[in-house]
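Same chain, two partners: chain A is paired with chain B first, then with chain C.
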Partner chain A sequence: MRRQWLAGLMALGLALALLAGGVEAQQKLIRLTFYYPVGVAGPLAKVIGEMTDKFNKEHPGIEVVPVYSGDYDPTLQKVQTAVMAGNPPDIFIVEISELPTLLAMNAIIPLDEYVKKAEGGKYWEDFFPAFRENSVVRGKTWWIPFQRSTPVFYWNKELFKKAGLDPEKPPQTWAELKEMAKKLTVREGNEIKQWGVTVSGGWNDWLFEAFVRQSGGWLINPEGTKVNFASKEAVEALEFWVELMHKEKVGPPHSTWGSTPPDFVAQRTAMLYHSTGILTFLRNSAKFDFGVAFMPKNRTFGAEVGGGNLAIARKIPKERQDAAWKFIEWMTSSENAAAWSLASGYVATRKSAYDVAAMKEFLAKDSRYLVAREQLQYAFGKMMAPNFQKIREILKKQLDDAVDGKVPPKEAMQTVQKQVEAVIKR
Partner chain B sequence: MSDSTAVLTGERAPALAMARRFRLGGGGAYFYLLPSLVFLALFTYYPIGFSAYLSLFRWNVLNPEKIFVGLENYLQLWREPLFWLVLRNNLFYALGTIPMTMALGLFLAVLVNQRLGAARSLYRVALFYPTMIPMVAAAMLWVWIFNPGIGLFNYYTAFLGIPRIEWLYDRHWALPAIIIMSIWKNFGYFMLIYLAALQGIPAELYEAASIEGAGAWRRFWRITFPLLTPATLFVFIVAIISSFQVFDQVFVMTQGGPADQTNVLTFYIYQHAFRFWDIGMGATLTTIFICLLLVLIMLIFRYAGRRVYYEAD
Partner chain C sequence: MALRKRLAHLPTHLVLGSISLVAVTPYLWLLSTSLKFPKEVFTPTPRWIPWPVNFGNYAEVFDRAPFGVFLVNTVLVVTGILAVQLVTITLAAYVFARRTFRGQSLLFGLFLIQMMIPIHATFVPNFLTLRNLDLLNTRVAMMLPFFASGYGTFLLRQAFRQIPQDLEDAAVIDGCGGLRFLWHVLVPLARPTLVAFGLISLVSHWNDYLWPLIVTDTPDVRTLTIGLGMFVQQESGADWTLLMAATAFVTAPLMVIFLIFQRKFIESFMFSGLKG
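So, the complex of A and B:
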């Protein structure tokens, strides 16, 4: 009896040893953690899962484990927490304005060595210049554009007809926009049944930057060292908002990022400023004909880019960084950039992605998807600075107060200037 | 003999005897409390102490090395208008939710405590239903209910001839909107507590009062209300704590906007600690938050506690 016991134990021990050996053999596989946010509506988590599966199949030595980390904000929090705890995810996507914060935390590595060698040296040049802008700081390339967008202008052709406007002619200038918005606003007594134009809230700081660009100004320099919120152009942009939302009351002063696309679909607003990322949603939901156009100009057309980039963590071994690069290079190849754009509605990040057959075929059917790409020639990098979240809060507070008529635009922008300077100099 | 009379007569004597035995062996009680004390110390008191300690430092994403600054964080908050706006919002929220939720909970508890026949449980479940929905899901629901264009709220009020309100998009209505939603969400829980307490009131008291000729109103104020005071105290404290803990609704529905009109203490802490990554300031706010709550609860026990009527005393 006792002997049987012993034999059993030994067998078990042997089995365990074998098992351990098996585990050890498996550890030679490089397993990478990849945090990614989903910033637009749609089943994008599934798309990312499919893409990583494909990559893993094609690369036997590497296994990328995608971890959906929520919206942009929670993703940044998770990355920051992990970095501070010394256990960062190998690869991650965060919102592009966070680059200075990541640099301040010493969280990521420069990718110049990899970028130089990729695709025979032609890799980096193939990205649209506006998308490249938020990657290069202090002469180094820090991360690779992936899920990228830009704001565009949507208009409801049916409501244009109803208001006696030419449905094929969206406003080209701020002045035209204001006049059309007046005609498109439907009132019943004190109540507004239909807004002329909605500048979406939530990321209104992002849209505001576009208006400043349209006036020919800028808010923060690319190095994140100088701020220009109190500039003539910025004040002018805010004055225009106050005119639309407070004086003429042709646009809602507040809204949320998620609610304005349904508002547009429900014909609650005739014109809409929002990301390119909602085009597919609008196309699938709107029961009327609508158009996509450049955002109207003040002195010039102007936009800035948005979205998230792919980065590699600093505090991981070199071999993991190399493997992570393989993944990033694969994810941003022309074919995959095109596939990702088609699946998500994001703008494809590379010029050559538009030569991919599937992309050409798709664009032939609906040219509205091309507007964002065309607008890129007027687009700039998004403002960035260390502790950008705080800067956003400061700006949004003053924007909200100004469009409610609580603070004159000039004073609001001076307050932003002062407070942001204090944040940057800390 | 009903249960309630058993409570009033000597049948609870064994329990009393047991309690005395424990009082004699006080050390025993501490021994049995030890595991939970250890747990509390590790996961509550230590973090509280540590955050009080951190509140004396400047420590944020741009200053990864902690710098001792004494009370500078507190002074900075004192001078920050937004901090006072946040406190005002908290106060407004508390005044808006607590009395209404408690009154509604009590009123409905008395109603569903009546003989309603088979429909009784149906009523109870229906009234308790909002409480069972997770807060985040409920908040998402109410984002749409409050949508000015296609939302249910404006759809209904339009029938009453009430002009449309922009609710969450209006700086004056955003906080009231959150208050309305929170009342809807919470009254069911208080109703349940009151309902349980109501069932502990002996029916004989009501019978006797009826014989003496007391009307329903008088019976409520002379019997029901005084005998419910322990429950009311409990509900009041829970209501205050939960009013300070309001977060999910704000996070989902407004993110503190427009213009910080719905920014409350918990969200403000969240912004500092996890958005601005300003650990020092987050710790300062947390410490203030805890002190505020402690002082409030002490005051309640001090003043309201005296008016509570425990039948056993």
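So, the complex of A and C:
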């Protein structure tokens, strides 16, 4: 009996192996493949589907086929695999720091010709300068800001009240932050019941760059040729982290990017550094009143941007590239930039998007969404370089070791400097 | 008597019970979270009983992606892979265990190397092959690279080698040929190994994520893990209630399969041995 069953299974296997079901679809005039990642919570795959449907209806000769491709990392892998196999997606979104990687693969085309002509020449200037920064390298514009974020500062007003602090006054400076964090940390014996401030882990390299900006420094130049990790400002930023997390013990030295927003909601931390992208999640989940503010300053307010941009593949015919541009221009129009921001919680990429009626109406109800936009005036592009994943690893390792008290901050940053220089020279 | 016997087993049962509790707890928490409203998930003290109960998460999960289609695809892919693997590893293991030919150890060495190459290194060449075969964005594309298994061949070869030569000699004297011997003697005796390998294969391919994501584009051929991935977000963290509801749905079939076949699995381990 059992053997028959096994034989049946084997036969089934052979049958399946022989059955090659190719998916053929009808050819329209121009059919474009569009790979996109989903980076924030919400039914965004559906939103992208609805947006492309609308575009396809309005543009009869073009059909854009959206392909959900995971998080940022899997999306990059899917794009890279397809490009190397000579079968690139026509349009795709990847994380902004990967631009040098795309350029090294010769995967995308510059968009200057299109950008110049778009919206009577006023298109590009309308994007916030900080969002434009990660697009321009070697004197050319390579891709268009789409799903963009920036880190901001969240505080729990109820816990402020409980600690005897003014719930309407978040810390403005690093010094104030430290003092407030001390007051907001609740200990029971050796156990910490409530952290004063959480600088979220996981993408702590991204947040670290903001602290360096607040000291007036930078880490990698826009061309990705010079690194500045051992600078006074970078060391100062790390020293501040070590003070918070190791010496004063008012913030957890280790956490993950996904776990800190829930920690904030569960009131296990009173203040939080995280992406503006979690605001909707916090609004839906928190039972207490909380505020959004600029990240406190050291010498100056400072931030950097994050998220993903839209690019067009190089190894496809010109008419496909032209059609792809039509789609990108449409997706990033003021109206659609506003609609996308409302659906996703990302910062709208263009100034004029904030004049769209639906956006105005929404912001009138909750002005906390405006903080990220206001902070953009102090924001810079995110650092980028070839082999960026490797650089992130190097930086994160030293950040972790330093806040554990294993390495002095200065030494840690010198190690990063040396190792990243070696990566960049390769 | 019976009572004393039971009492004697008590310490064992206590230990086993507490271990299973540890194993089951995350799953119970998952079920509990999947039935909560977002505001009830992260409370200062954990709350086990979801109240008010929210079944809407499951509906929402199905609304966001076609999980029914994903389930069918996943079942087709994992059973397809396993079925072909059982044929290929059985034949290959037989040859490596029971026959001698020139270059045998070299060839077997190459099989073993297949186990050591990280799967990611094979993505681009495999992708190119599938493209040339015009198989991209099909279920077959997700199966094809796994039809041969170095690991399975190795495992089964070891099992075949442990079966005494006497059995084969006796079979040959009775006029039994190679394949017949394989089918009637070796395969039944190696059933525990086949079952063990089958489990590993099923579970690991059920969990495959990156390869299916890379070779497929449309929801009609995609698998459960890709649907699940939609609820894990890098920039903002996750929609926990939805993620847990989706996870419950994605893991449930494996649990059900195990519960149904549990007795069979254990039986097949117990009745193995030299029975002729």
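The working rule: the second predicted complex is superposed on the first by the 399 of 426 C-alpha atoms of A that agree within 3 Å, B and C clash if a C-alpha of one lies under 4 Å from a C-alpha of the other, contacts with A are read in each partner's own complex, and residues count from 1 in each chain.
One rule holds for everything that comes next: contacts are C-beta pairs under 8 Å (C-beta built on N, C-alpha and C of every residue); 3 or more make two chains touch, one makes a residue touch a chain.
No experiment lies behind these values; they were computed from the predicted model shown.
A.B. asks: Answer with first, second, both or neither: which of chain B and chain C does A:Asn156 touch in the superposed model?
C.D. replies: In the superposition, A:Asn156 touches no partner, neither chain B nor chain C.
A.B. asks: Taking the superposition as given, does A:Gly201 touch the first partner, chain B, the second, chain C, both, or neither?
C.D. replies: first
A.B. asks: For A:Pro43, using the defined touch cut-off, is the partner it touches chain B, chain C, both, or neither? Pick first, second, both or neither.
C.D. replies: second
A.B. asks: Mind working out whether A:Ser259 is in touch with chain B, chain C, both or neither, as first, second, both or neither?
C.D. replies: both
A.B. asks: Between chain B and chain C, whom does A:Gln417 touch in the aligned arrangement: first, second, both, or neither?
C.D. replies: neither
A.B. asks: Examine A:Pro386 and indicate which partner it touches, taking first as chain B and second as chain C; both and neither are also allowed.
C.D. replies: Touch partner of A:Pro386: chain B, not chain C.
A.B. asks: Once the two complexes are aligned on chain A, which partner has more residues of chain A within touching range, chain B or chain C?
C.D. replies: Partner touching more chain A residues in the overlay: C.
A.B. asks: Based on the superposed arrangement, let me know which partner A:Ala104 touches: chain B (first), chain C (second), both, or neither?
C.D. replies: first
A.B. asks: With the two complexes superposed on chain A, say which partner A:Asn309 touches: chain B (first), chain C (second), both, or neither.
C.D. replies: After superposition on chain A, A:Asn309 lies in contact with neither partner.
A.B. asks: Identify the partner contact of A:Ser215: answer first if only chain B is touched, second if only chain C is, both if each is, neither if none is.
C.D. replies: A:Ser215 contacts neither chain B nor chain C.
A.B. asks: Name the residues of chain A shared by its contacts with chain B and its contacts with chain C.
C.D. replies: Touching chain B and chain C on chain A: residues 73, 77, 258-259, 262-263, 266, 268.
A.B. asks: Using the touch definition up top, name the residues of chain B that touch chain A in the complex.
C.D. replies: 60-64, 82, 143, 147-150, 163-164, 166, 168-171, 254-255, 257-260, 271, 274-278
A.B. asks: Spell out the part of chain C that touches chain A in their complex, as residue ranges.
C.D. replies: Counting only chain C, the residues touching chain A are 38-39, 41-44, 63-65, 76, 79-80, 82-87, 120, 123-124, 127-128, 131, 133-140, 143, 147, 183, 187-188, 209-210, 213-214, 217-218, 220-221, 226, 229-230, 232-240.
A.B. asks: Would you pull the chain A residues touching chain C in the complex into a rising list?
C.D. replies: 3, 6, 9-10, 12-14, 16-17, 19-23, 33, 37-43, 45-46, 65, 67-74, 77-78, 81-82, 84-85, 87, 149, 257-263, 265-268, 275, 277-278, 280-281, 284-287, 306-307, 345
A.B. asks: Give every residue of chain A touching chain B within the complex, in rising order.
C.D. replies: Counting only chain A, the residues touching chain B are 73, 77, 80, 101, 104-105, 189-192, 201-202, 252-256, 258-259, 262-263, 266, 268, 386-387, 389-390, 393, 396-397, 400-401, 404, 406, 426.
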